[in-house]
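The following blocks contain the structures, represented as structure tokens.
Next come two complexes, and both contain chain A; in the first it sits with chain B, in the second with chain C.
Up next, the complex of A and B:
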């Protein structure tokens, strides 16, 4: 274990020149904040033409196919959201490897992990709001998974989504109002200065705009079309694979929450147990990545 | 002692949080329809499977039977595979016979049977599909 840890640390030192201490060597937090801002701005632009009621798929198709630059803004919104999730993950991972949780106030660490956690529901609700078959089914699976939670399930499910004509309204409210507000609030508390510093933002914007020009979005499947395989958002594929075999509550609710929960409480754990806790976190995350890779590699139809 | 700025900031935070909770609460308590009436204009032939608005009408030897198209596992929409003549879940792989019995996969029970009524005037079938 110690040898492996030393090896990883030495390897990372090649890329992270200032690995010691709390200060980050990479501007990941700055980039993540910029990505969130782009997602916010493009989201506001898209929201002028998006209707979360009636035929949502038609609304999205019109937005993508008919409006000038609609497809470009949708791609940019999608890519900014993905960039926010990935950069927040990278920022959390970097500080996990630096063992920052040993040196900062426990609540500061928890805020960082909470921000990382919130990036998942933000992207997930965005996936539902596409209004295509994948989005509708992802919404239903989320609703039914929430209902599997003992005692709290039905109340929580009612807060997440409402089956029927207003299927998209609550995810829309979460995606556009509640989750962004909570993220901004936490960022304001987590960071010393709320607004990101310039420079890097332009580079990231140019990169995302370049990608948005050429990168095709995953295809939207119309809700009435029959399909033999439906896949959720990419980070959910490992869990979707496990849901083929395990009980929904254990596999679909507890299993994804365990590594995030353990990560969040790391700075509250006494130092004598910290080494063990750290390795449990690493092992659970590696298992998640393994299931994700298995889902991608072995099961046809997960990635199109 | 709080400064005026701090009081104002906290007031704004409470206002945003309170109004968001109020909107959510009002919406969750809303009184939308809890079920949907689905009509099938013609009866299915034996072995035929008809689909409309989240429900299947299957023609069996003993007469037509209606099922919810939602998988009893996690609610994905079941697809009818005509080649093998069974229903299958595109998300997690559960499979069901034409009679709605579970064949394979993570679902613990068979498909949900819906109440089927026949309109004597026009011979159409009506189903009440629960939305939740």
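Up next, the complex of A and C:
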């Protein structure tokens, strides 16, 4: 066990050379905040032409196809969101490996993990709001999974989504108002300065703008198309695979919450048990990654 | 400012310039109305006055993504033929258009093929564990052992509304396509170069040309051919023209002879839709097993109408009339109602004893008389006779359907397009156009029957060896309206003493004191067919059925009925008028005759 830990630590050091120091090599938190800000600004621009009622797919298609620079801003919004999720993950991973949770107040660690957790529903609700076949099915999956939660399920599901004509209204509310506000609130409490400094922000913007200019978005599948090969957001593919075989509540609700939950309570665990807790977190995360890789690679055609 | 920030700003500036220059992002005031398809596609013709492109656009029918700029995204989920039943609930049947129709059509006989499937699974040897009810079930079911279903898949399954349209030449390419199968004026060319901006959009219509019906209804009962006066002849190609086979050709290399067409076609130039209603063709939402259950028209609907009948659905009638665009307004007059309540908005009472029909395709007025000669048509002794029994001039009759199944070879199935072992080869004994054989229809009326089908199946296994246990004979006579209506009917003897009409087959019939003495022309015992009766014999002279009816409730005449019919036949040479007094008191006259009190030949039975 000790040998494996050393090997992983050595491996990670190659990518994060200053792991042992107080600060990492890359200002990941700063970049994540920049990415969030870009997503916020582009989201505001898009919201002028987005309609979460009626024919949402038509609204998105018009926005993408005919609004001047609409496709560019949609791509930039999409990439910023993805960057926020990935950078938040990297930031959390960095501090997990540095065992920051040992040195800071438990609530500070929890805020970080909560921010990381919130990046998933932010991206997931954005995926639903595309209004295409994938978005509609993702919305249904979210609604049905919420209903699987004992006692609270139906009430929680009703807070997330209302089937019918207002299908997209609540996800829109969560995506554009509630979740960003919670993220800003947590960031305000988590960071010393709310507004990010310049630094690498311009570089990230240039990089995302470059990608947005040339990177084509995944195609929107019109809602009427009959297909069995619809995939959710990329981080959901492992769970999507497991949902084929396991009970929805266990594999669709509890299983994704386990690694996040374990991560969040790390700073509350007595130091004598921390070593084991850390390894349980690593194993659960590795299992998630394994299922993700299986869904991507080992089952060709499952998600295409 | 740091060096990295300056480089980043330069990159951003370059991207900004690139975006401004790139044509894809140029300002467009608004997307083309009503959708963006017209940027690339510009049809030269409108689909129909009710489906104007300026109003509906393309994507209302063809789906896809009308506001995507890239071709692959715009065409994602596009439907080339919106009428295809696989998509019609989203296209033709979308809310605000025709929401009830796809569901009705899906249940109709032309979509389910329930009748053919039921008949084949009943009349051929068949393991009921493999049974299917309709064509959708059959498409999804794996290929099994049933020869009946194998035959259907490979030989019959090419004509149904679930069949997608394929870019094939000839009749095959025009069959199928759901709503489009009927509601389209076929283009002269079956394919078009859609990569060109301008092209001809096929014309949609409710004035359906009979050719659309005939592309399917030209085999088996061949009613489409018969209605238009064409008889599919033997493959000799006679009469020859210019030293070669004749030019009267049908699909599949077949030949035809010209015969008198149905009087509705010959005199009135009527199309199929002038009689057959929307409920009769597209169904009324109920699932029927047989065609005659779905058909929504009878001869007396028009020729002996109940004019007291209220006109319940004027709104539908007005809508149909408006869509037709060729009909004079019926605001003053009433119109007829079909047996299932469809408004026959184009058929209205005329002056006196007359009726008026306005042809649906061109609105031309046709005046016809209501049922005349009540002493003939209302005669109590003929009350079981269907109109078709007397007024069918001829009937195409295909005798001896010789099916051979070679399991050494493979054949493609119509339903899935896949090949699997088992190749069918069809032949026949002979084809005739003759007066119909009469029998008792499932509804109890007396009407025409014709072979349908007289199967002699021979099977050869993978090694080419004959398989007697899978080979069989199933000789069936089917009841149907041949669609060869003539104003005149045969004289009395033409039915009462005609062995062919009575169901005995062609031959000489003698009525004796001991019963019927019949000598057939066709000696099956000499033919090697393995049957002891002629192929055209539905019943023996003693009244025993020789062939199965296509419906369990149908049958040939029984012995008693044959006796009754032929006994009247002996009176007819002298008493050949309907108003002859002996017929009004027939039983009394017969008693007198048998007692020897009548001034007739006493030796006659």
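In this section, the second predicted complex is superposed on the first by the 291 of 304 C-alpha atoms of A that agree within 3 Å, B and C clash if a C-alpha of one lies under 4 Å from a C-alpha of the other, contacts with A are read in each partner's own complex, and residues count from 1 in each chain.
As a convention for this text, contacts are C-beta pairs under 8 Å (C-beta built on N, C-alpha and C of every residue); 3 or more make two chains touch, one makes a residue touch a chain.
Predicted, not measured: the structure shown is a model, and the values here were computed from it.
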Handout entry: chain C versus chain B on the shared chain A, clash or fit after superposition
Key = clash
Practice task
Identify the partner contact of A:79: answer first if only chain B is touched, second if only chain C is, both if each is, neither if none is.
Solution key: neither
Practice task
Determine, under the contact definition given at the top, whether A:205 touches first (chain B), second (chain C), both, or neither.
Solution key: second
Problem - First (chain B), second (chain C), both or neither touched by A:183 - result: neither
Practice task
Between chain B and chain C, pick out the one touching the greater number of residues of chain A.
Solution key: B
Exercise for the section: Applying the touch criterion given at the start, work out whether A:264 contacts chain B, chain C, both or neither, answering first, second, both or neither. Expected result: neither
Exercise for the section: Applying the touch criterion given at the start, work out whether A:239 contacts chain B, chain C, both or neither, answering first, second, both or neither. Expected result: neither
Practice task
Pick one for A:113: touches chain B only (first), chain C only (second), both, or neither.
Solution key: neither
Fill in the blank from the handout: Both partners, chain B and chain C, contact chain A at residues none
Practice task
Would you tell me which residues of chain A are touching chain B in their complex?
Solution key: 133, 136-137, 140-141, 143-145, 158-159, 162-166, 169-170, 173, 177-178, 181, 185, 226-230, 232, 240, 243-246, 248, 252
Fill in the blank from the handout: The answer for chain C against chain A in the complex is residues 1-2, 4-5, 7-9, 11-12, 15, 18-19, 24-28, 30-31, 36, 63-69, 72-73, 76-77, 87, 90
Exercise for the section: Would you mind writing out the residues of chain B in touch with chain A in their complex? Expected result: 13, 16, 20, 23-24, 27-28, 30, 32-34, 36, 70, 73-77, 79-81, 88, 90-93, 105-106, 131-132
Exercise for the section: Could you pull out which chain A residues touch chain C in their complex? Expected result: 57-58, 61-62, 64-66, 68-69, 71-72, 198-200, 202-203, 205-206, 209-210, 213, 219-222, 224-225
